[in-house]
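Next come the structures, one after another.
Next come two complexes built around subunit A: one with subunit B, the other with subunit C.
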Partner chain A sequence: MGSGNREKFDNPVVEWVDSRLPVFTLLKAEYGVFPTPKNFNYFWNFGAIAMVMLITMILTGIFLAMSYNPSTAGAFESVERIMRDVNGGWLLRYMHANGASFFFIAVYIHIFRGMYYGSYKQPREILWILGVVIFLLMMATAFMGYVLPWGQMSYWGATVITNLFSAVPVVGDAIVTLLWGGFSVDNPTLNRFFALHYLMPFVIFAVVFLHVWALHVTGSNNPTGVEPKTKKDTLPFHPYYTIKDSFGVLLFLALYSAFVFFAPDSLGHPDNYIPADPLVTPAHIVPEWYFLPFYAMLRAITFPVGIPFTDIVFIEAKLGGVLVMFGSIALLFALPFLDKHPIRSARYRPLFRPAIILFLLNFIFLGYVGSQSADATLFGLPLSIFGLAATAVYYGFFIVLIPLLNKYEEGRELPPSIHESVLEAQQKSKAPEAA
Partner chain B sequence: MATKKTTKSAKSDSRRDFLALTAASFGAVGAGSVAWPFINSMNPAKDTLALSTTEVNLTPIQVGQSITVMWRGKPVFIRRRTEKEIAEARDVDTSKLIDPQSDEERVQNPEWLVLVGVCTHLGCVPSGQKVGESRGEYDGWFCPCHGSHYDTSGRIRKGPAPKNLAVPSYEFLNDNTTLKIG
Partner chain C sequence: MKKITILTLALAVLSGGAFAAGDAAPLPHQHWHFSGYKGTYDQAAMQRGLKVYREVCSACHSLDLVSFRNFEALGYDEAQVKNIAAEYTVIDGPDDDGEMFERPARPSDRFPSPYANKKAAVAANGAFPPDLSLITKARHHGPDYVYALLTGYGPAEHGVEVPEGKYYNKYFAGHVISMAPPLMDGQVSYEDGSPETLEQYAYDIVNFLTWAADPYMEERKRTGIKVILFLLAFAGVMFAYKKKIWADQH
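After this line comes the complex of A and B, so read on.
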């Protein structure tokens, strides 16, 4: 951040500030002239889109907090008051509730883009790991936020998820009591969840800053996975990508607005409009859609792990489910170190490409399994068998398939540079016209 | 001369290392002891702990009837069992149970079964208290969340729950007409 060979600005006010604190020089370097691969497709919009959603969530959240009452006696009614009496409260709340879903949509696409184009590979490992940290923080924040309206799903979701920690050997029950601040999910629990739900987005913001910092050290990956070599391969970020990102953001916001204004409750559960009742469990507890694949993996383990034909059990079923669920995220952390294949982009990996698409379909199927009740069936077989199989596929992708591909997959020939791949694509698209 | 200097600096290095390590360890202990009150403030407060007993009048409960009361924010099931239910609970080979326990260990008075009504899997409230609710395959309780079946002694018989429904500490007062839980 040295301002030694700083270029002068024409505007005297900007120049006065910049010579004392070179924020304008920084902005120009990182978002003005920043060299960016010129072949981005629309998958590369989702980082900017996620950023816009984060800001939307923080803004709507702060204004909702001004009318919200974090106590078991007042929470449900204060949310109804926001909906009926607070000026524009319905808009703030629907923006916030649907914003969570759309933030997750953006982030899931962003993560899948990173996997498809190998953006996690050397030298972008820390960039990827920070991204997974953001994803984890988002899940914690979303979970606690869902508890705040204090409806039936809030209460029972909180009960089921906090009870997961009781699976930890020896200290499990002490941890759960510590989380609750009592002997069940109750007023102290709601109070602390509100405090943490308010704090976490700012922690996320800080990690996003590190994520973007790391991105600006290595530079962006691109659809070919080939690093930029000359000036011909890149464009300045502004105006080329500021405009492309703005276009993508507007399209995304249009879809988001359609939900906010025309289907605001379609992604939520009707049960959450019933006030929390500790004596009545809803017949079918389901988490929000963005947790369903992980919920399916949690429920997939219904048997203890031990020595067969004896009573010796190492891991009880409940602990097994919890380990498998958290392990699925741990695998994302490990991905840069598991996948050692020299080619980044799935475009030039004939085996990885179908594999990653199957991985995506399997993940969506896990989501379906998670959305069904525990005793549901599919094709006449209990659904839990399919849940277990899909969980095995998820794990197999990381710990069996990727190491095998490292060894045996032969990639297709890489383009010599981004520039040449762009030229080649243009010639191909022109050729049919000439013929 | 040179060797002498080296040994001297090596000696002072180890002394510095010792001081640095000691300072760091005391710093860590200090940080830990400051962190503990913060973490401990999240544990149940004194007023929460003070609400830890509940008294119930048992006289209106008929044989075969169940009632639910709140204790520590959780439902407690009190069932006045029929002769048939008691017989069912006692006519079981305990060694074949998921969480082996005889019915005698779980009740003070065979007629009165007192249980914490929270499924030991992930904390849902099992059904079976009200007339017409599913009681599961063993005539006790059924947890709708993940499908655990409990018998007429509240023992886990089938499903993902690892343990029997918990028995709270309780005692009978006033000639068995009042139950004090906690």
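After this line comes the complex of A and C, so read on.
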């Protein structure tokens, strides 16, 4: 951010500002001429898309907060007032509710892209870790946001999830009381969740700033996983990627709009249109879809861990589930240090590539397991067995398979440079025409 | 004690005790005027539905989120809405002497509740008759569900025991419902010559209630078509521009 070797701007106003606070130099360096690998595919759009969704969520959220009443007596009604009596209120609220889902869609694709192309590897470990921090903050924010309408799922979801912390030995009950602000989910809970739900997005924004900063120190990874070597390998960010990102963002927004305008309630649960009632438990308490894989891992542990054939129990089933769920995210933090394989991109890793695709399918399957009632069956077997197996696959990928691949996987030959790989791909696509 | 209940409940949910929703019959799907990306509300059906609501449903079910002024969306003009409102009495106050008083409802008033509070509603009915403002959003496939429920009464099947004062309904979770069959042929008279049948009543009330739950649906869909066309056209322009910019790279 220094202004040491600053180039002069022609526009006198810009120059006057820039010589005092070099914001224009910064913009030019980081978003104008910033050297970016020239071989990005469309998976590289999702960072920009996630950024657009974050801003959409913050803006719609601020306007919703102006008409929202964070009290158990008034929350549900105030949301319906927004839907009925606030000008454009239905649009704000549907954009915000569906925006959460589409923010998660963008971020899930962004995370998977990072895993597939090895974007977490040296020297991008901190960049990746900051990304996982953002993901974790998003989950907390989304969970608290879902509580705010104070419908049945809000109330019971909050009850189930906050109760998880009571599994923590010794201090568990104290944590739960602190979260609730009392002895059950009630008005103080709603109040503090609203305060935190308003705060967290700005924390996310700050971490996104660090994430982008770290990105601009190491530069972007790319589909080959080979670092840019010469100027031939990169393009200036503007106009090449500003324009490509704009195209991707618009297409994504069109899909998002299809939900906002034509199926606005399809991603939510009907029970959340019933005002919260502490005396009536919903038939199925399910979290929002983006939590389902983690919910499945939480429910996978249905047995205590202890010394077999004795009554000695080290970990109760409930604590086991909580540990497994949080552990699944801890593994994401550890990923850069688990995967020591010198090749980044799955393109050049014949074993990692099918493994990471299976990992994705397994994760989607976990989502299915999480969406079903716990006594459901599949192929005549209890679904909980499949949940446990899929959880084992999730863990096995990180702590068994990746270390094995470190040792034994032989990579394919890497292209000498990004430029060469692009030329080769172009020749291949032109060859059939010539023939 | 309450804490223990909640803990047990959380554990039950976590360890596999999610409650079964009851084996209600699969819902038959109806053709609704409001379905589809261009679907609109059928005003005549909504007006008839309002009549059914006022003459039958409103005896037990509130419609808390709807104001009389909202009825202009059903095709009534300001004077007609005033007249409908004036047929109801609401409690207002306190006046200058500190007394609550009754007065005819105005268009700005919410539709009055049949009961003073939830406990009174339960005491009178044996179960809480849910508020209907959001009922079509608060059930899976809400419009089909309400239609099926209203037409799903009949003699008990599959050996279901129906206690005294309860009724058998094919589409209700658990099959035993506290609501007596609310509608029957000829119960509400129609002035527009529509058939006075249970099916027609059910169809009309669903139209009315779907509007009550989602009054901005038409505006939403109209806006949506414009927004998506704009985004796609803009994306097309950006794609062409991107092709041009990237031409020297391919």
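Note that in this section the second predicted complex is superposed on the first by the 435 of 435 C-alpha atoms of A that agree within 3 Å, B and C clash if a C-alpha of one lies under 4 Å from a C-alpha of the other, contacts with A are read in each partner's own complex, and residues count from 1 in each chain.
One rule holds in what follows: a residue touches a chain if its C-beta (ideal position, glycine included) is under 8 Å from a C-beta of that chain, and two chains touch if they have at least 3 such contacts.
For clarity, every value in this text was computed on a predicted model and none was experimentally measured.
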Problem set entry | First, second, both or neither for A:Glu15, with subunit B first and subunit C second | neither
Exercise. Which chain, subunit B or subunit C, is in touch with more residues of subunit A?
Worked result: C
Exercise. Which of the two partners, first being subunit B and second being subunit C, lies in contact with A:Ala283: first, second, both, or neither?
Worked result: both
Exercise. Thinking of the overlay built on chain A, is A:Glu409 touched by subunit B (first), by subunit C (second), by both, or by neither?
Worked result: neither
Exercise. After lining up the shared chain so the two structures overlap, which partner does A:Glu227 touch, if you call subunit B first and subunit C second: first, second, both or neither?
Worked result: neither
For this session: For A:Ala317, select first, second, both or neither according to whether it touches subunit B, subunit C, the two together, or no partner.
Result: both
Exercise. Now for A:Glu30: first (subunit B), second (subunit C), both, or neither, which partner does it touch?
Worked result: neither
Exercise. Looking at the overlay, what does A:Asp271 touch: subunit B (first), subunit C (second), both, or neither?
Worked result: second
Exercise. Taking the superposition as given, does A:Arg192 touch the first partner, subunit B, the second, subunit C, both, or neither?
Worked result: first
Exercise. Who does A:Gly181 touch here: subunit B (first), subunit C (second), both, or neither?
Worked result: first
Exercise. Which subunit A residues lie in the overlap of the subunit B contact set and the subunit C contact set?
Worked result: 159-160, 163-164, 183-184, 281, 283-285, 299, 302, 317-318, 374-375
For this session: Write out the stretch or stretches of subunit B touching subunit A in their complex.
Result: 39, 42-45, 48, 68, 70, 72-75, 118, 121-125, 127, 143-147, 160, 162
Problem set entry | subunit C-facing residues of subunit A, complex | 38, 77, 80, 83-84, 90-91, 94, 159-160, 163-164, 166, 183-184, 235, 239-240, 243-244, 246-247, 250-251, 253-254, 257-258, 260-262, 264-265, 270-271, 273-274, 281, 283-285, 298-299, 302, 317-318, 321, 373-375, 384, 426
Exercise. Which residues of subunit C touch subunit A in the complex?
Worked result: 2-3, 6-7, 9-11, 13-22, 37, 65, 70, 130, 133-134, 137-140, 142, 173, 213, 215-216, 220-221, 223-225, 227-228, 231-232, 234-235, 238-239, 241-242, 245-246, 249-250
Seminar exercise, completed: Seen from subunit A, its contact residues with subunit B in the complex are 156, 159-160, 162-164, 177-186, 188, 192, 278-281, 283-285, 299, 302, 316-318, 374-375
